[in-house]
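In what follows, chain A forms one complex with chain B and a second complex with chain C.
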Partner chain A sequence: MFAQQLVNGVVLGAIYSLFSLGFTIIFGVLHVINLMYGVFFALGAYVSLWAAQSLGLGLIASIALSAVVTGVAAIGLDALIVTPLRRRKERYLASLLATMGMSLFLYALLTRFFGAEPMRYPSGFSSETVLSFGSVSISVLQITIVGIVLVVVAALFWFLKKTRWGVAVRGVGDHETAALLVGLSPFRTTALVSFIGGSLAAVAGTLIGLNFNAVQPFMGETMMLQGFAVVVIGGLGSMPGALAAGMLLGIIEILTTAYISSAYRDAVTFALLLATLWVLPQGLLPTSTARRV
Partner chain B sequence: MTRTKQYKIKMTAVAISLLLGVTSLAGAAEVKVGVVQVLTGPNSKFGGQTYKGIQLAAEQINAAGGIKGVGTVKLITEDTGGNKEQAVDAFRRLIAQEHVAVIIGPTLSSEALAAGPIACQRDIPMVTVNATAKGIPDVCSFVFRTSLAERQLLPLSVARAAAKYKIKRAAIFYANDDPNMVESYAIYKDAAAKQGIEIVDVESFATKDTDFSAQLTKVKSMNIDAIFTGAYPDTGASILTQAAKLGLPKNIVFIGGNGFNSPNLISLAGPSAEGVIVSSPWYVGKADADNVSFVKRYRAKYQQDPDTYAAQGYQGMMLVAAALAGSPNQTSAAIRDTLAGIRVTGLFGAFSFAANRDPAGVGNAVTLQVKGGTFQPM
Partner chain C sequence: MSDFIANFLWTYQTVLSQVAINSLLALSMYCVLATGQLFLGQVGFMAIGAYCSAVLTTMLGMPLWVSMPAGALLALLVALLLVQPMLRLSGVYMAIGTIAFGEVIRSLAINFDVLGGALGISGIPQSLPQTALYAMVIVVAAILVCAMHSRLGRAVEAVRTDELAAQAMGVDVRRIKLISVLASAALAGLAGAAGAHSMGTVTPNDFSFVSSVAILSFVVLGGVASPLGAILGAVLLTLLPELLSSFSEFRTMINGLAIVLVVLLLPSGLFPLKIIRIRGNAKRR
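This part shows the complex of A and B:
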């Protein structure tokens, strides 16, 4: 049983990491708490659901379409709500409140258009095969999720460190005024980060919605608390941090449920969060940046 | 004209128009019924369906000329969003500003417990058709409940399932953040003890949880015959699909409570819902004339099948109409007393209230099982 529980933990961990990647890049680079992320997550799932049902697209095509559409929506919404607030002194608080308000409005809109009933993806949309290795079962979809998380983390890491656009993004994240002075356009870079955040949310939404086979307007909300915890534990803006923290959280949650009691599951998450803030406030794998003293 | 004379003429005109206005109001002959349900937010599926049932009933009553001797039914609806503070506000508004005669609602037990005292303070009868937690009608003599509680339905399910499937060992899975589900855990334990079933494991989770791989893997190797579940359709469907994916033995019988009693469970869980057992005061295929006509009219108006919540909303409105018609006068006390002693036959069979204002019996409650994608009598 331990092997199966470990597999369960890794899969859950991958899901938490996948959800948190977009969140951490927005948080870490734009320095805003964007609570609309949960909406992008649900929106991504709905777009791919629509693509699957109405356009008959396959898995990869639906995810790609959903990523682009959500990314563009994210650029628009962020420009509307978040960008004006980034210049203010209370950017964290103001962005928290404004994005929370906007997310409530968007949830109501989603409920209005799609209804509050959970929807399922059409059968056959993704492989339903379950592989068994002895006493351990894992589905092909779950393997896909773990695989995609690793690929995305590697890709983002490479993007931010090795490409010019990535360096520009980091530059704006470090010090906006300095970036302006050297000729980086904060508007374009912000739009790029919004797009990346939105598309990551969409990919996560589709895969997670598919894994639990339920797409409903509030699906992002249930993940937000865990996502928040993962982002803080891993270190703000750190991709490998989000991966490590997500995996750690997933495995610990599953093992607690299996061997201690399922009643303590959430308690474990928040105990870990508290412990991190106490002992390692920068997170597990903080992005090493020079700090103003 | 002097100013005093002008003033007198103006005041007379005002007085006459007020008088005319008041008499015209009195002549309208309508009765206001307050409806407080969850119409938005994650729980809107329950309240929304109930509201549809209430609306259908009200339309039917008004089409036949309204309530005899009282007038047409006017529904004044308030949405609570699943929030008990909003429920309290809704009650206050309906009673103080709209002067409703009766309130049908709220949807959730938490709302009923919070808003019930308001109805009590203002002596306005409240009929909840969904809330099922313990102690709701005990709030005061103006609070009535028509929904069958878990404590009446779950033991029925357990007993019938135990007889059919010879259940000896079972696990209990319940959502520990919802008072209804926490109560159903206690009821399952009792019912199991009465049937001589050993509870080998108890697992809990949060209603919003989506991953049950840990709990299901744990019970997979425990050699159980049944899993008693206390969860709502979303959570329940996740449990069922994950159980199938993890390869849990197919002979394990899932029993659910009021939360499982919804077509949503089947549409979400698909083939994994086969065999799930639920007891219900009503199901869509009931063959009596009342029900057949109700289902037909519901389908025509809403292009979908009714579920138990819609049926309860419909029944609730019919009950209130019967009380208003049979009441000697329209004072709150008279309406309350008529309601307390009411005897009607409707969608749930013969119905009356017990002394504590809960339903007097289980009526035509039937134990259903999912077969071929729909709930059928077991």
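This part shows the complex of A and C:
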């Protein structure tokens, strides 16, 4: 029983890690709070649903298409709403408010387009085979989810550490003025970060949709607050911290639902967040960017 | 004429109460934003005040003039317990920490059967007259305006513009922040209680993150230059959706877009600092 719950927790935690990774990159590099990230999450799930239903694409192709479409949408929305606020003195307050306002608008738009009822992926879209290991059963879907998360995270770390563009992104995150002085284009790096963030949210949204087999407009709203909590527990702007905290919260959430009550799920997450902030005001793994707040 | 006024007041009763309650909430948010703190836990204290007053009146049969101050007092007590760890945080960390506080309170309200669970408490006596509600707004606003024009107000402004410089000038920054958080919590508790008695119901959903953002948007629209700006913001943003009620299905969209436009186009709010601060700038030349 416990081992089974642990497996489910690891799967959920992997998705949380992916989601939090995108949010923490946006915060760490652009230094804004972008609550539209939750909309990208829901939008990504809908795009892959549409790709599966109307275009008849397979799992991987749908996710890839959804990542690209949502990434491009994120570039546009960020340029419209977030970029004008980045130079403000109160950019945290301003970006928090403006992106929340835009999220309200976009969630309402999604509801008008797709309705508030949960939608499901077509049957046969993901494998329904279940493998048994003694008392623990693991579905092929769960293995696929964890596999996709591992591949995406590895690709992202490789991109940020080894490629020129990745170094540019990290450079802007460390010190924006210095990065501009050595000739990095602020527009291009901002757009790149928006794209990465939107794509990660889209992949995470699709995986959550597959995991629970339900896609709703407001799935991003609850996820956004959870993701915000994960990112702060891990240390704002810290990528390893976001990965670790995402995994931890996924497991804790499943165990709370299994052994206490699903009604206390959110309370446990946020109580953990408050406890973390109490002991470590800078999160589990503080970074140099975190101190600039 | 008096008939017309009486008729008008009766028709728009709910809206008018909502304007007053939102003004109180805006003043509560103003208290913390005036010191530059991103303290977003007001909905939590609002819930404490609302539930406390609702329980005291519906289950223990206490009169309104006992239960409402009790609600504000309980919010203040909870704030006293939590203010020390909360003040260790700053900026985004304070924002998310206080949002988390609000969510914890909301989850607790959902899980307590005494408080009615997800359905909340209904049948709360709606005996709070509108005049009393508006009198509260006026008294609170007057106190805040006087406070902002006193030594305390200048210290608050100094803390907002430059914390380090304020400290160097001998302002007790910690004490100023403490006072502002406690005032904000007590006011939010009072507004919550007032809301419970004017709507007649309390549900956990009234205290969600979206409500926090709405309260925040009042003050951002009005600007942090004066408490009156906060009230103006609350009045405008409460009435705007009502004026557009024929588009009620687009209401959320309009609200969202209004917030976006205010932040993008009016960086310092409707009440710009220059008009208000006559005394503050005198010595700077």
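One rule holds for everything that comes next: the second predicted complex is superposed on the first by the 276 of 293 C-alpha atoms of A that agree within 3 Å, B and C clash if a C-alpha of one lies under 4 Å from a C-alpha of the other, contacts with A are read in each partner's own complex, and residues count from 1 in each chain.
Just so we're on the same page, a residue touches a chain if its C-beta (ideal position, glycine included) is under 8 Å from a C-beta of that chain, and two chains touch if they have at least 3 such contacts.
The structure displayed is predicted, hence computed values, not measured ones.
Undergrad: In the overlay, answer first, second, both or neither for which of chain B and chain C A:Leu273 touches.
TA: The second partner, chain C, only.
Undergrad: So, does A:Ala108 touch the first partner chain B, the second partner chain C, both, or neither?
TA: both
Undergrad: Under the stated touch criterion, which partner chain does A:Arg88 make contact with: chain B (first), chain C (second), both, or neither?
TA: A:Arg88 contacts chain C only, not chain B.
Undergrad: After superposition on the shared chain, which partner residues are touched by A:Ile251: those of chain B (first), chain C (second), both, or neither?
TA: Neither partner.
Undergrad: Scan A:Val193 for contacts with chain B and chain C and give back first, second, both or neither.
TA: neither
Undergrad: Looking at A:Ser262 after the superposition, I want to know if it touches chain B, chain C, both of them or none. Which is it: first, second, both, neither?
TA: A:Ser262 contacts chain B only, not chain C.
Undergrad: On chain A, what residues does chain B touch that chain C touches as well?
TA: Comparing the two interfaces on chain A, one with chain B and one with chain C, the shared residues are 108, 261, 263, 266.
Undergrad: Flag every residue of chain B that touches chain A in the complex, lowest number first.
TA: My answer: residues 40-42, 44-45, 48, 176, 203-206, 208-211, 213-215, 217-218, 220-221, 234, 237-238, 241, 245-247, 264, 267-268, 270.
Undergrad: Which residues of chain C touch chain A in their complex?
TA: Residues in contact with chain A: 38, 85, 88-93, 95-97, 99-101, 103-104, 107-108, 110-111, 209-210, 213, 216-217, 220, 250, 252-253, 255-260, 263-264, 267.
Undergrad: Could you list, by residue number, the parts of chain A that touch chain C in their complex?
TA: Contact set of chain A toward chain C: 27, 33, 81, 84-85, 88, 92-94, 96-98, 100-109, 225, 228-229, 232, 236, 261, 263-264, 266-267, 270-271, 273-274, 277-278, 281-282, 293.
Undergrad: Enumerate the contact residues on chain A facing chain B in the complex.
TA: Going by the criterion above, the answer is residues 1, 4-5, 8-9, 11-12, 15, 108, 111, 116-118, 120, 123, 130, 132, 137, 139, 208, 212-214, 216, 218, 221-222, 253-255, 257-258, 261-263, 265-266.
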